[in-house]
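Presented sequentially are two complexes of chain A, the first with chain B as partner and the second with chain C.
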Partner chain A sequence: MESLINLGVFVFLLALGYLAGHAAERKHYASIIAREKETLNLPAVTIRHVEDEEMVESAWLVSGSVCVGLDYFKMVLANLRKIFGGRVGAYETLVDRARREATLRMKKQAAGADIVLNTRYETSSIGQNAGGKNAVGAVEVLAYGTAVVYKK
Partner chain B sequence: MKYTPKHFEENVNVEKTSPLREFFLLLFGVIGALIVLYMALGMVAGFVAARLPVSTEERLFGFFDEKFLISEKKPNASQIELQKLLDRLTALTPQKRYEEYNAILICGDEVNAAALPGGNIIIYEGLLKQAESENEIALVLAHELGHFSNRDHLRGLGRILALFALSAVVTGSSSSVTEYLGSMTVGAEMRFSQKQEYAADDYGFELVSKLYGGSAGTSDFFDRASSKDSKNPLVLFFRTHPASKKRADRIKKRITDEKIPQIEKTPAPAALKNPDCK
Partner chain C sequence: MILTNLENVPGKKTVEHFGLVSGSTVRAKHIGKDIAAGLKNIVGGELRGYTELLQEARHESVGRMMKEAERMGANAVVNIRFATSSVTQGASELFIYGTAVRVE
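Our next item is the complex of A and B:
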């Protein structure tokens, strides 16, 4: 009986993880795409220096950080994938969302600037070791760069 | 350098397969591989079981006697009566596989009995309470003796060990899957094939008819169990034993075909009717 309950909880968490995770992901992607289009005119590039420093009116550090959690379904799916190997599709959307959201947040801090130079990304995983072996983890992506306003 | 605003419509960083499809594909892959491995291990277990000498068996599974069974065996009246009945049956067996056979009463409502290595038969309190005559209890014991005679108990145990080992390797020994499997097999519900059960039924039936000189009570137990079977189709599906009605019918057919005399049932001793489980 107890094992049946455990199995039931597992299936419930799996279904909940899939439904909630899927809905959240769709919503997030829709929002990401809309905001990306809005901020298309603020470039965030990897060039490190302005050719002529005389052109710069002001510059400041901007950063955007985001933490996206795994849902239960993705965790189980990724664990299954680990047996066979191959692309872990379940995690790909997660890091993709985190990366793009971090860029958007960075751009938000750079509001008013003409360009964000020297854009960098850093990533780390959070929570996998904190709550035991089977804990649901999360991924953090930090985007940072130098916001620059040119002299007009 | 000129900056060109560009929005990518296609996302190259994300795989386009459906996660649900991927999940079921992987899940069936794992299950399929495990089934193949399990069947292979089962075959190996069967092969070994048919050839395992008794001395090796006792060495391998000696821990059953020491750790599990001796502590369960309390020298009370029920236990003694059960052993007496088993001794009467083993006295009639043509070939003795073990030097001594042990009957062990396990307290619990489960209606079950099982043959364990080393000539040990466990029988649950729940089963004794259900039995209405001594003949029925004798049939259950004789049925388990049949499993010993055919070495089914070793095959079953080999498969259970294989299943445990597999599950522990794949999901970790403390995982809920392993626990789930464990709780399913604890109570020693070893899964025998229908053929094995029928063979044990035949063996048991012959032995009990010999002991009492007649067929009384031999199909009663299955008759009662089959009326329970029909209530819940899931019970039928998950049962380790084939449908009880079929088994009762087989025995009844033998009684008429072989003209085995119907005799008076022997009432079960009080100590077995109300097992001492304190």
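Our next item is the complex of A and C:
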């Protein structure tokens, strides 16, 4: 009986994770794509060299960070994948979402600038036992760079 | 105070170098946030509690670094880098470092 309840809870969490996680991810991607289109006029580049320093009006540090967690379904899927090895798609979309969201938040701080130079990313896994056996399955991504305004 | 992660402050001449400045803070979240994050982990998505916590902590490290630079008489910090490490279970260190300079 007890194992039946355990199984029930497991299946319930799995279904909840699948439905809610799938919906959340789709919504997040839609919002990311929409906001990326809005910020197309503000490129973030990894170039650190300023062509003509005379043309620069002001420069300041900008950063954006986000912490995104996996849903239960994907966590189970990822753990299964660890047995066979190979691409862990669940984590791929997770870090992709986190990086793009962090970039967008960084660009938000750079509002009014013409370009973001020397963009860098910092990724760390966080949670109860970060890096340990029972890691929560969440990543934190920080994007930072220097926003530059050119003289008009 | 001007902060950049470029080699210099573009458009301004560096007149003096003061050397390395850094700021760091080690933060742990309170258990409530941890439980909330654990629940959120069932459905997935952004863990807002963690995001805010880390942002706050990073803000504090930047403040500490700026204070150090100010004490040296600098008016800018260039070539800034961020580093994050989890030092122990449930706590992480946010570290920021750069070079203090004086620009025109």
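Observations, loosely collected:
Rule of thumb we're sticking to: the second predicted complex is superposed on the first by the 145 of 152 C-alpha atoms of A that agree within 3 Å, B and C clash if a C-alpha of one lies under 4 Å from a C-alpha of the other, contacts with A are read in each partner's own complex, and residues count from 1 in each chain.
Simple rule for what comes next: a contact is a pair of C-beta atoms (placed from the backbone, for glycine too) under 8 Å apart; a residue touches a chain by one contact, two chains touch by 3 or more.
On a predicted model such as this, the values are computed, not experimentally measured, just so you know.
Chain A has more of its residues touched by C than by the other of chain B and chain C. Of the two partner chains placed by superposition, only chain B is touched by A:P43; chain C is not.
With both structures placed on the common chain, the touch criterion links A:F10 to chain B but leaves chain C unconnected.
When the shared chain is aligned, chain C comes close enough to touch A:G137, but chain B does not.
Judged by the touch definition given at the top, the superposed model places A:I126 against chain C, while chain B stays out of reach. In the superposed model, A:W60 makes contact with chain C only, not with chain B. Put simply, chain A uses residues 74 to touch chain B in one complex and chain C in the other. Residues 1, 3, 5-7, 11, 13-15, 17, 19-20, 22-23, 26-27, 29-30, 170, 172, 176, 179-180, 182-184 of chain B touch chain A in their complex.
Remark: chain A residues 2-3, 6-7, 10, 18, 22, 36-37, 40-41, 43, 45, 47, 73-74, 76-77, 80-81, 83-84, 87, 89-90, 92-93, 95-96, 99, 115, 133 touch chain B in the complex. The part of chain C that touches chain A in the complex is made up of residues 2-7, 9-11, 34, 37-38, 40-48, 50-51, 54-55, 58, 80-86, 89-90, 92. Those residues of chain A lying in contact with chain C across their complex are 13, 16-17, 20-21, 24-25, 28, 48, 50, 53-61, 63, 65-72, 74-75, 101, 117-118, 120, 122, 124-132, 136-138, 140, 142, 144-146, 148.
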